[in-house]
Amino acid sequence: MEQFEQKIRESFSRQSFMRTLVATMTNVSRGSLEIRFPFSPQLAQQNGFIHAGAITSIMDSACGYAAMTLAAEDADVLSVEFKVNLLAPALGDSFVARAQVKRQGRTLTICAADAFAIQSGEEKLIATMLATMINIIPSEPKR
Amino acid sequence: MEQFEQKIRESFSRQSFMRTLVATMTNVSRGSLEIRFPFSPQLAQQNGFIHAGAITSIMDSACGYAAMTLAAEDADVLSVEFKVNLLAPALGDSFVARAQVKRQGRTLTICAADAFAIQSGEEKLIATMLATMINIIPSEPKR
Amino acid sequence: MEQFEQKIRESFSRQSFMRTLVATMTNVSRGSLEIRFPFSPQLAQQNGFIHAGAITSIMDSACGYAAMTLAAEDADVLSVEFKVNLLAPALGDSFVARAQVKRQGRTLTICAADAFAIQSGEEKLIATMLATMINIIPSEPKR
Amino acid sequence: MEQFEQKIRESFSRQSFMRTLVATMTNVSRGSLEIRFPFSPQLAQQNGFIHAGAITSIMDSACGYAAMTLAAEDADVLSVEFKVNLLAPALGDSFVARAQVKRQGRTLTICAADAFAIQSGEEKLIATMLATMINIIPSEPKR
């Protein structure tokens, strides 16, 4: 495992909210990242679909860690802002968020993520995110 | 309790994700709504702050139910999209999201929400949301 | 020229703001659309780059007309909301916005657009948009 | 006139796109800013309303200069991203954008703006923006 992946998996393991969602990181590459979780009735909104906030959570973490795959070694990454469009009800056996870096800067990294519901092996696009991440270098706090 | 509040509290009680966050609805008025939850280590990101996704979740539900306070009696409300700016680390004893309807339409309702961290009784603005909600009338599905 | 293209070109010709930007529609296909304009010092911000608002304008029109390529024949399309990330200074000989429909619904259509600066024939990504459009059917005003 | 206002008015005067819109800056205070323009048929979309891109342009400039009222003396301000909700048709004799700083940081400043159409002296809310601005210090380019 490369060093950047190790750093990211270690940080992810400290995100206890990801454990609460039973989320796992299923791909870590330079510039792209994937997080998924299984359906759970504990994540539902009023109609039994998965709550938009839970889907947003894995898209946000996926965007942040996608940015981190390209950041300086000692940098932490925080979310500045994101925008999410909900495209279809979050109905499925499991859910996956795939994030990609759209533009990498020294301070800011722009990422896009799509989220899919998986039912009987078929993926359906349910949400999309456009996000801005900031690199925090320990010696020079910025935000 | 007025009928619209009853309908909203009943819908909220079906949002099991809100129970997972230990969130409660602390104000329901025509055009505005408040949801809060206490700090829990199970909602944290890598630095021990509350995950942006958890804060987003209560802002999203607060916006949706704020829209519902003004919607037709038999309408359900779904999130079309939202944009969130994270303004400060989510560090506190508890967290509150306050949503307000910015413009009510027949089909779409635009809402704004602010989220605050509360520490030793003092509130600090930590995030802000601008969201679009859609009214779903059972007889005429729209999205 | 197909009927949907004719309708869109006729509507575009009524957007006098596009004439003010000297913008032209250079591609109209089912689900995708392209608008471009040449550099003009009259569209600049304080550093001589093209103003973000001018780039946003062609991305917005491109998203709206991309949605219209898939809408009912008598529908008009209006912008509900959009989010833009500015990725690099708008510096070039000309600028092009390319929009695609991401999800088409009966009432709402979600579109994404990228904007590029073209200099000496080379394209550089300068901005990206995620937008929500609403179909307005004359007999049933909705927004 | 205070020095920050002088600096902002000088920068605004270099935004030739604002002249193209016949826009003027009608208030400059610490943390808030106002820009307006009169109706002109040259700024219209297909139905004769003002194009969303023109309204966005004055909201964007208003947000940027609102951020600049609180920035370091030698800092320039650039737009990182913004999100706009269009709330009503832009129909009126003139249009005004009012921006306020929502949170000021060393690197990033978050601003909100509302835009109003003015008809027979009455203001109507037509759009709202939530924006992220970045402070650029000449000696330390950041974006």
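Chains here go by letter, A, B, C and D, matching the order in which they are written, and residues are numbered from 1 within each.
Please note the rule applied: a contact is a pair of C-beta atoms (placed from the backbone, for glycine too) under 8 Å apart; a residue touches a chain by one contact, two chains touch by 3 or more.
Quantities reported herein were computed from a predicted structural model and do not represent experimental measurements.
Undergrad: Just to be sure I understand the contacts, which chains border both subunit D and subunit C?
TA: Correct list: A, B.
Undergrad: Please flag the chain sitting at the greatest distance from subunit C, going by CA centroids.
TA: B
Undergrad: At what distance in angstrom does the C-alpha mean of subunit C lie from that of subunit A?
TA: About 29 Å, centre to centre.
Undergrad: From the mean C-alpha coordinate of subunit A to that of subunit B, what's the distance rounded to whole Å?
TA: That gives a centre separation of 21 Å.
Undergrad: When the centre of a chain is set as the mean of its C-alpha atoms, what distance in Å lies between subunit B and subunit C?
TA: Averaging C-alpha atoms per chain gives centres 32 Å apart.
Undergrad: Would you pick out the residues of subunit C that each touch at least 2 other chains?
TA: Touching at least two other chains: 80-81, 83, 85, 110, 132.
Undergrad: What part of subunit B is in contact with subunit A in the complex they form?
TA: 11-12, 14-20, 41-47, 50-54, 56-58, 60-61, 76, 78-86
Undergrad: Which residues of subunit C touch subunit B in their complex?
TA: Going through subunit C, the ones touching subunit B are 80-81, 83, 105-108, 110, 132, 134, 142-143.
Undergrad: Quick check: in the complex, which residue numbers of subunit C touch subunit A?
TA: Of all residues in subunit C, those touching subunit A are 83, 85, 87-88, 102-103, 110, 112, 125, 128, 130, 132.
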